[in-house]
Amino acid sequence: MCNHTSETDALIHSTDPNHPANLICELCKLFYNNGWVTGTGGGISIREGDKIYLAPSGVQKERMKPENMFVMDNETQEYLRTPEVFKPSACTPLFLSAYKLRDAGACIHTHSQAAVMCTLLFDKVFRIANIEQIKAIPKVTEPGYLGFFDTLEIPIIENTAREEDLTDSLQEAIRQYPGTTAVLVRRHGIYVWGESVWKAKIYNEAIDYLLDIAVKMKQFGLDPAGEIGSEKKIQQLN
Amino acid sequence: MCNHTSETDALIHSTDPNHPANLICELCKLFYNNGWVTGTGGGISIREGDKIYLAPSGVQKERMKPENMFVMDNETQEYLRTPEVFKPSACTPLFLSAYKLRDAGACIHTHSQAAVMCTLLFDKVFRIANIEQIKAIPKVTEPGYLGFFDTLEIPIIENTAREEDLTDSLQEAIRQYPGTTAVLVRRHGIYVWGESVWKAKIYNEAIDYLLDIAVKMKQFGLDPAGEIGSEKKIQQLN
Amino acid sequence: MCNHTSETDALIHSTDPNHPANLICELCKLFYNNGWVTGTGGGISIREGDKIYLAPSGVQKERMKPENMFVMDNETQEYLRTPEVFKPSACTPLFLSAYKLRDAGACIHTHSQAAVMCTLLFDKVFRIANIEQIKAIPKVTEPGYLGFFDTLEIPIIENTAREEDLTDSLQEAIRQYPGTTAVLVRRHGIYVWGESVWKAKIYNEAIDYLLDIAVKMKQFGLDPAGEIGSEKKIQQLN
Amino acid sequence: MCNHTSETDALIHSTDPNHPANLICELCKLFYNNGWVTGTGGGISIREGDKIYLAPSGVQKERMKPENMFVMDNETQEYLRTPEVFKPSACTPLFLSAYKLRDAGACIHTHSQAAVMCTLLFDKVFRIANIEQIKAIPKVTEPGYLGFFDTLEIPIIENTAREEDLTDSLQEAIRQYPGTTAVLVRRHGIYVWGESVWKAKIYNEAIDYLLDIAVKMKQFGLDPAGEIGSEKKIQQLN
C-alpha cells in the first residue's frame, strides 16, 4: 500500500519555507535545541486546509526532511502520501483529536522536563495564576486571551502503555475543559494545539515558560496558583 | 490612518546593520535565544535622534522584520510610520516614559524568569551588594558606575491587568529612584533602559546576571544584599 | 610505526557527511554544545563493517578534524591508520568492549553532569520507572524497547585511576546486565552504545534526559523508580 | 600617545584564524555564549612570543574586532599598539602576573556564576576530589596532570574595589599555591591561565565544570572534597 510516487511527492516538496512539510522540519529542529524533543520523542503536526502533515515515528526530530512526511486527508483520514521506510507516529490519533474536536491548525507534543515535573508536583490539574505570561494563553471558549488575574488550568491525564491508548482520555479532558488549549500527560509530557502552527508554537512556548517557573516556585515553597501577596510569607522566611 | 508608503518605508529600510530597525530584529532574536522573550512576550525600542522605533504587539520576537516596525516622532509622539496588519505594543507608553523622564536611547522589556522570581523573593525593592558584576550598572545621578561595595537597588512595582496601566507607577518609581536604570514589575518582568541601545543591552545583561545569581544565593540561604563575610555562616552549615 | 600515508588517509577522507570520520567530528561538536564533553573529556567511536574509527586522546572535541582519527581493524585490533602527533584515547579498550561483547556499531562516552550526579545519588544501580522517555531504550536481550511500566536499570561501576583499567569491571557489568545498553562510572560519567551511531546517539539522549530528570525528582524528594502514585505524597507536602 | 598607524595595525590584522587577535574575538564570543562573560565583564589575553594581546576595557565581548586590540611588548611592558577610542582593561596587571610569574601563554578571566557561587560556599580554598574531570588539570610544579584520587585546590582571594588592586594578592596566591593554574576571586569570578591559549581554554572549561558540579553537590549536602563513599550517607537520606 505504498503510495510514494512523484505525484504524492508534490505534496511535500515546496520552495516556500512556510510550507507545512518545511515548517515541521524547521520547528522540530528548534524544539530539539530547546530540549523539548530528544531521542526521537515528541513531534508536531500541521493541518492546512483539508490536508494534515505528520512526522513519522521513531526519527531524530532535528534531522527530518520533507520527504519523511506523511500526508493525510482531513475528511477521510486516509493517507494521501506515505514515506518510504517509516511508520506513522503513535501520536497520530492524538493530533487528530485536536483537529476533530477543536478545529486546530497544528498540534505540538513534547517531553519537556518542566511538563513532566509539573505532572509529578500537581494532582489532577496544573494551576498557575497572576503571572504576566498567562496573557499569551487563549480563552478558547470566547475570543481573546486570559488576563493577568486569571488562573490557567491545564488538565493532567494518566499515561498509558501505548500512546494511541491516550486518545479517549485526551478527548475526555478536551471536552471537560472546553477552555484549554493543552493537555498534560502524567510522567510523559504535554500536547498543545492552536488555530495555526504559529499560534500553537506561541502557546507552547508560553505554557512551557509557565510550567518551568511553576517548578521554580515550588522549589521555594511558593504556590504557583497562590493569590497576589501570598509570596510575602516566603519572603519573610528567606 | 495607515501611513505605509514607500516614503515611510525609507525610515526602516537600511543596509546598515546598526540601523535601529535592523538592530531591533537582531537583538530580539538574541533575547529569544537567551530565554528573555518567548511566546511574543517582551520587546525593545530604540530612540535615535528625534525618531523612536517600536516593535509591534503580539509578534514572535525572533522572527521580526524591519518592515514590521512602527516609527514615532519623539517630540509630537505621532506615528511617522505604521506597519500593515500590526497593532502598537502595549509597552509603548512605558518605553516613552524612559525616553521622556530619562532621555534614554533605548529601552528593553523582558519576562526573564530570574526577574519574575526576584519579584516573588523580594518585597518592595530588589537589593544586591558586593558582587563584581554590579560595577556594570551606572550611577545615573552622576557620571560613572556603581562600585563593588555599593548596593544595587531596583524598585519593584505591582503589576496591572493592562500593561499600559503600569505607566503611572513606573514613572513614580523612576522619580522615586533617581539612580535606577531599571524597574521590576511583580509577577511580570523588568524594564531596563540606557543612554544608547548598546548601553541598555549591557545593563540588561548585567542586571539579569545579578537577578539570576540572587535566586541561586537565596536557594542556599545566602542574603544577596548581605555584607562581605555574611556567607561564612552558610559555609559552616554545608 | 607511523602509518600516516596517502593510502591510509583515504580511510578518513570522504565528501559523504555520513562517513564515520565526518560524523565523529559533527557529533562531538554537538556533544560539546550539549555540555556532555568539555575540556577534552569524553568521546565517540564508530564501527563500520570491519573498521573502527576512534578520536585521539586529549583533543578539544568540538575542534576535531577527520585527519585526527585513528582507524583500527575490528578483527586484528591493529591500527590501519595512526594520525600524526596524537595518541590513542584511553577509552579505546572500553569502546572495543562494546564492539566485542555487544556487536555495537558505535559507543559514546560523556562526562555529563547528570550522569555524575546520579552516580552520587544512587548506589550500585541507577533505576527509573514509569517515565515515557524510557520507551526509547532497547530491551537488548530481545527485539523491541522498554515499556512505560518497565524499570530502566543501568549498572554503576567504580572509577579507577587509569581509564583503561575500567575495562574489566565494564565488561563484567555488561555480562551481569545483559539487557543494558549503558554503564555508568561513579564520579566519572557514562558509556552508551547502540547498533549504529544513530541508535547510540538516540539512546544517549534518552538516557541523559532520564538521568537529568532523576536528579530533579531527587531534589523534590521524589523516588525516580517509585511506583505511579508515589508522587502524591510529595504533592501533599508542597 | 596614540600609536595607531598602518604599521601597528599589521600587528592585529591576519587572515590566519589562529592569530591571537582573531582568536581573542572568537573565544570571547564562545565565552559569551557560555554565559561566562556578559555585560562587558571578563576577558582573555594571549601572549605569543614577545607580544601580548589584550582586549580593551568595557566592550561587549561577543562583538569585538581585531582592530580593538592592544598589543604590548612582554619585556618592556610598553604598548606597541593602542586602539582608537578604547582604554586598557583593568585586568591587564592580573594577566601580566600570569605571564611574569608562570610564563603563561594565555590568561582567561570570567564572571562565571559557578565560580562566584563557589567563592560564597567555600572559605579560603575551593576543594574538589575524586571526580574524573580533575584529570584535565595540570600539576604545574611537575609535568603531567592531576589524578582521579587527587584533590584540586584553587585559592580564593578577597575582592577589591578596583580590579588592578587585586594584583598583589593574586601574585601572593600564585606564589603560595605553586601548583595552581587558577585563582578564584570572592564575589567576583576566576582567573585561569595555561601554557597556550588552547591549554588555558581547556583548563577553564574543566575547572568551570568542577565548580558547577560542586555547587550541585552542595545542594544535595554532598561534600565536593569528600572521600569516595562519603556519598553513601546522602543516598540513604534520599
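Per-chain residue numbering starts at 1, and chain names A, B, C and D are given in the order in which the chains are listed.
As a convention for this text, contacts are C-beta pairs under 8 Å (C-beta built on N, C-alpha and C of every residue); 3 or more make two chains touch, one makes a residue touch a chain.
Each chain and its UniProt protein: A, B, C, D = Methylthioribulose-1-phosphate dehydratase.
As the structure is a prediction and not an experimental result, all values here were calculated from the model.
Chemist: Given that chain A and chain C are copies and touch, would you call their interface same or different according to whether over half of its residue numbers are shared?
Modeler: different
Chemist: Superposing the C-alpha atoms of chain C on chain D takes a rotation of how many degrees, nearest 5?
Modeler: Angle of rotation between the two copies: 90 degrees.
Chemist: On a CA-centroid basis, which chain has its centre farthest from chain D's?
Modeler: Chain centre farthest from chain D's centre: A.
Chemist: Express in whole angstrom the distance between the two chain centres, defined as the mean CA positions of chain B and chain D.
Modeler: Using C-alpha averages as centres, the distance is 30 Å.
Chemist: Could you tell me the distance, in whole angstrom, between the mean C-alpha positions of chain A and chain D?
Modeler: Measuring from centre to centre gives 43 Å for this pair.
Chemist: What residues in chain A touch two or more of the other chains?
Modeler: Correct list: 219.
Chemist: Taking the touch definition from the header, please name the shape of the chain graph: line, ring, star, complete or other.
Modeler: Topology of touching chains reads as a ring, each chain with two neighbours.
Chemist: Each pair of chains that touch: what are they?
Modeler: The list of touching pairs comes to A-B, A-C, B-D, C-D.
Chemist: Can you tell me which positions in chain B touch chain A when the two form their complex?
Modeler: Interface residues on chain B, with respect to chain A: 38-41, 60, 111, 113, 116-117, 120-123, 158-161, 185-189, 215, 218-219, 221.
Chemist: Per the contact definition, I'd like the list of chain B residues that touch chain D in the complex.
Modeler: 130-133, 136, 147-149, 198, 201-206, 208-209, 212-213, 216-217, 219-220, 222, 228, 231-232, 234-235, 238
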